[in-house]
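I have a structure here, written as structure tokens, and I will follow up with some questions on it.
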């Protein structure tokens, strides 16, 4: 029990924060209902994938500055491939784009391993490369998305055995997020590969001496990051119906959410749940600021202050805990 | 015995840039043998182990395993070949719990648990994160993890250096049984007691070269030391202080007074005095509160009750700088804690000079250089790789941690196991140094996990058990059995069988480098 | 221990070791190679005027990269430099309309000091990760600037003549900005190598615990560091506004990522404990020349960015190869 | 006094033009007297982020949403949901593909065409032009590119000497022009996508010949057109006050006065300093008291009713 609390305490408090914010939201806007929650989840979707992409590499002791650019590239690729194509063609596009993310991510990892240049520089360089590639694919926002893809994240699905009242609170987008992440993350976390990812993040030397193939594990971590980023790119295309070659604000947001979610930037610690709950919190804060009609220039100040305050609070708690 | 060697390495060389860590090392280990690998600090023992287990690629050399040439390229490959190391630094993944660490290396859990119990740690929770486990226990876990897969050759790099006596004993027992069961162990240690109690043969390295292989027979220590040190044969007589000194120290006001110190559940009521010109030894088993005592004196933790007095004045430390200002300098046992590994020897030694806000300005390079050089010379630090401390051998790193406070001219030095992993020659130097410091009026509080050191260096012995001072007695009464009994919390004078170190047969050859301190 | 024998080492090896000991040399060689490529692509471009321009634009980048170098030495990073520079530039340009230049200067430097202090306390006392801390303060700073901006819409803006002279002026073909930069750079280099504070930056980044045991108060070092970094960023802002002469709310933001890149290309480790400022200066020059090179090339914007990324990667990798031992 | 709540969504922050747009929205909402509250989402984000903002505004139950779209097609779903929720949607500055939305927009293609055509005429129909675009991949930039190319097609002897993307960043633009100047390549004209005053500065500082320059009606550039000796140039209007017009349109629709068509285009004007008539226009337009990044055309006849003081105060209802 104490192990669980120590490990999950931060996530639990984040979740409590989310619930509290949700109650506040209902107080501000009593009509805030399941449809609005659905909107929230759709807004969360690309951020959640971006942060998942970032989390994997951060746990492995790295950082990936190319997350947002990777999302842009996969998004424009998907959108331009689906432009004018049939609905069925999209069935091919989705796996293609995901594979592309996986491969490009692996290339990131490979470059880090082979050149031995620090990850932050390699991914900064690939940030430019991927951005450039996105511009070559589409030099202005455009393309299209298959209708079924767009439908995949809007509305809810009737889940047998659940009353409609509850079902309404489980939007398709949330299901999609949970499924995509669970399929990849849960088996991984329990596998030896998952342990190896934590191990190289925690101590590369100790991992190597424990027989972990460090280079291969690092490449796989970046490949997974690319895969999640490709999911994020698809999520962008699904929600907007187009692809935009200029990366959105997902890079810094992903790093912020990783830290808010209790994943140490040094690597080796944390999980995926925390950062994703953090994304929900950050998006809900945004909603509340809009609902309250706060001066938009002040919202930047508030968002920054919240970020700093939460992390400071966390640091303060750990400091107290240590004494 | 004419069986093929389990492991046969010859002509092994390794260059780190301009530094040749190994030139021409060879090592041959027979089945059923506990084989000692000996050498002064920086001789290349750890490097050889790393090469044999694939952690570091060799620049040259040939390695045969069971007579077959094998290219061991990674620790995983070595593991498959039946070679399991316990390196000088713990290699559990700090952020994973013990269980995950086992799964990562494919170690079966039940045998591991059995070994852990056998090695004297009955209450391990395998869900504990490695980072939260004390260093000594980590080392034992490292060993248990290696033992659990029943390796053909076990390579132990200074396994016992960081262990308190009770754990060290168990390790020795287990290692000896490994040898008896037909497997082989390569055992690195600077402690002759252990070598003679345990090993069959010894390979001696000097400056990266194998200079001899000897059978361990009573009296061979002299020869090994000669081989190890080459021309540099040191025969120092570190005498404890003379009787006149004793009188002087007793009379003067205590330099440091500790009064009823408490910290959580770890320290319950510790009181003692430390006089000017005195070296007081602290003896304790693992985890009896000695870490907390030193941390409190160093200003790293705040005691929950009790008082510390310096020169009769009560002091309160909120940060190590307060302790340093009061003249207390702390040398931690774990050198990784004390050194900026990527910086030079010089910068590491000069670090305390810049600590205070008013010393943030330009540095007087000439003055600094003079001080640093004199400290380096005084401790005979091997400066071949001085550009980065991490390239020094373990022993030389350890010396840098002490040199810092010599250069800063601290009045009281709190040494926590300073000779951990240091070769005999260097040990002698450090003993001499501590005595010299005491002779110059400095005070030294000296915790050691090697009981025999107490007799060499200390004037008085403070025994801690269960967070309390259970006994304080003069060094004259501190022979090893007495210390051992006291450390176990037994009243002085009681008799009890406490393991092989008490066995007169295995400890009797221990004469070569302990000249005449036992009464 | 015997001294290592001086063996006859092959020339290539010796050359490599020579360069490894002087990491600046390979960096300078890389810079020269870029300039030569530029000259081949556009014969005649490498003239006095071009050099002056390059230096003018490299200087603000180099100073900000100095902030990154120093913070990176301690294992940190300062992402708020862009915002701080923009703030001081914007405040200077708008305040100087109605205020005495000295007062305007003080007003302009105020937010810099403040943000630096907050960063320092957050990182040094509360142990917030520098990336998050400086990102947070940069968001807060941007917000404040937006609010401030509304109060001065009507007052217009003016670039003080002195700043314009410093930012754009030339004396005998030499940019005046060097008058500011050379002493500043010398000061940074001296601080890092020959002062107690500089020593502490390296040591803290290498092993914080060890510095604590040696009596160093972490929060003092970190607070001072981030204040210094912010003040440097503020000064950069003033210089930059003199160069660009158009105050905007995102003036220096585009310099943030390149400043990190310049420091890393220059050989400073992002993990702390390793690096220096001279390398960073060359790093900034390399990036500036690279930008010109890509502007000159006639190719689609996408291809240009790809090339930029690849060259940055290649330069860093080549540099590491050369400097690394073994 | 007002009764409506209007939501505003904008995705570029910290750029003079957009700031003016937001201030115009606020000022117009205040001046109209019909608006009780403005609910502004104003930050740097992409189409997906704008969708989030629009949906938040729907949750906030605003009566109308005035939006400067991050992308014409990318926010279609959100706008559709808004219309379904009974919210009036007005897009300003750029068109949107959602058919139920009303559009009041500056004609970006025309903006580029007008300026480029004038420039090519000034160059005598031949020579080399330095083409300084906006941000690669932005939809306003690609619209302008269409207009520029259209004009270019009409002047076969005009060649593009160099094409660069300024990213609408002044420092980048300045570095690009200075690098270009030092190559010594002769040019006969410069077309900029609104990053203009730094270009004039660069020419003056480096004592390069002042070739004709086309820019936008930013206060700084308009001032330069009258003050810099020997500078021939033209400012094409691209009023940020279009935001105010958007608010007016939304209010008209809320009041039941629907416009004849869904789309209202505000045509750009060109103010040049080559003729006396143009100079007079420039003089009338110039406003040195404005922040140099602000467009000087702070109002749009028939569409905005606020005063200059009101827009400069940048205060909305209830502030």
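By written order: A, B, C and D. Residues from 1 in each chain.
One rule holds in what follows: a residue touches a chain if its C-beta (ideal position, glycine included) is under 8 Å from a C-beta of that chain, and two chains touch if they have at least 3 such contacts.
All values reported here derive from a predicted model rather than from experimental measurement.
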Taking each chain's C-alpha mean as its centre, the one farthest from chain D: B
Selected interface, A-B versus A-D, where C-beta contact pairs are more numerous: A-D
Whole-Å separation of chain centres (CA-atom averages), chain A against chain D: 34
Chain centre separation in whole Å, for chain B relative to chain A (CA means): 46
Whole-Å gap separating chain B and chain C, where each centre is the average of the chain's CA atoms: 44
Centroid distance [mean C-alpha coordinates] between chain D and chain B, Å: 72
Sequence positions of chain D contacting 2 or more other chains: 13, 136
Shared-contact residues (touching 2 or more other chains) in chain A: 134-135, 139, 245, 295, 297, 299-300
Residues within chain B bordering two or more other chains: none
Pairs of chains, among all present, that meet the touch criterion: A-B, A-C, A-D, B-C, C-D
Chain A partner contacts - residues on chain D that touch it in the complex: 13, 22, 37-49, 51-53, 55-61, 70-77, 135-139, 141-142, 319
Of chain B, residues touching chain A in the complex: 55, 74-76, 79, 85, 87, 89-97, 100-101, 103-106, 127
Of all residues in chain A, those that touch chain C in their complex: 111, 115-118, 120-122, 124-137, 139, 245, 252, 255-256, 259-260, 265, 295, 297-305, 307-308, 311-312, 315-316, 318-319
Partner chain D, residues of chain A touching it in the complex: 29, 31-32, 36, 39, 42-43, 46, 134-135, 138-142, 150, 154, 235-236, 239-242, 244-249, 283, 286-287, 290-291, 293, 295-297, 299-300
Parts of chain C lying in touch with chain A, wherever the complex brings them together: 122, 126-129, 131-133, 135-140, 142-144, 146-147, 150, 257, 260-261, 264-265, 269-271, 300-310, 312-313, 316-317, 320, 324
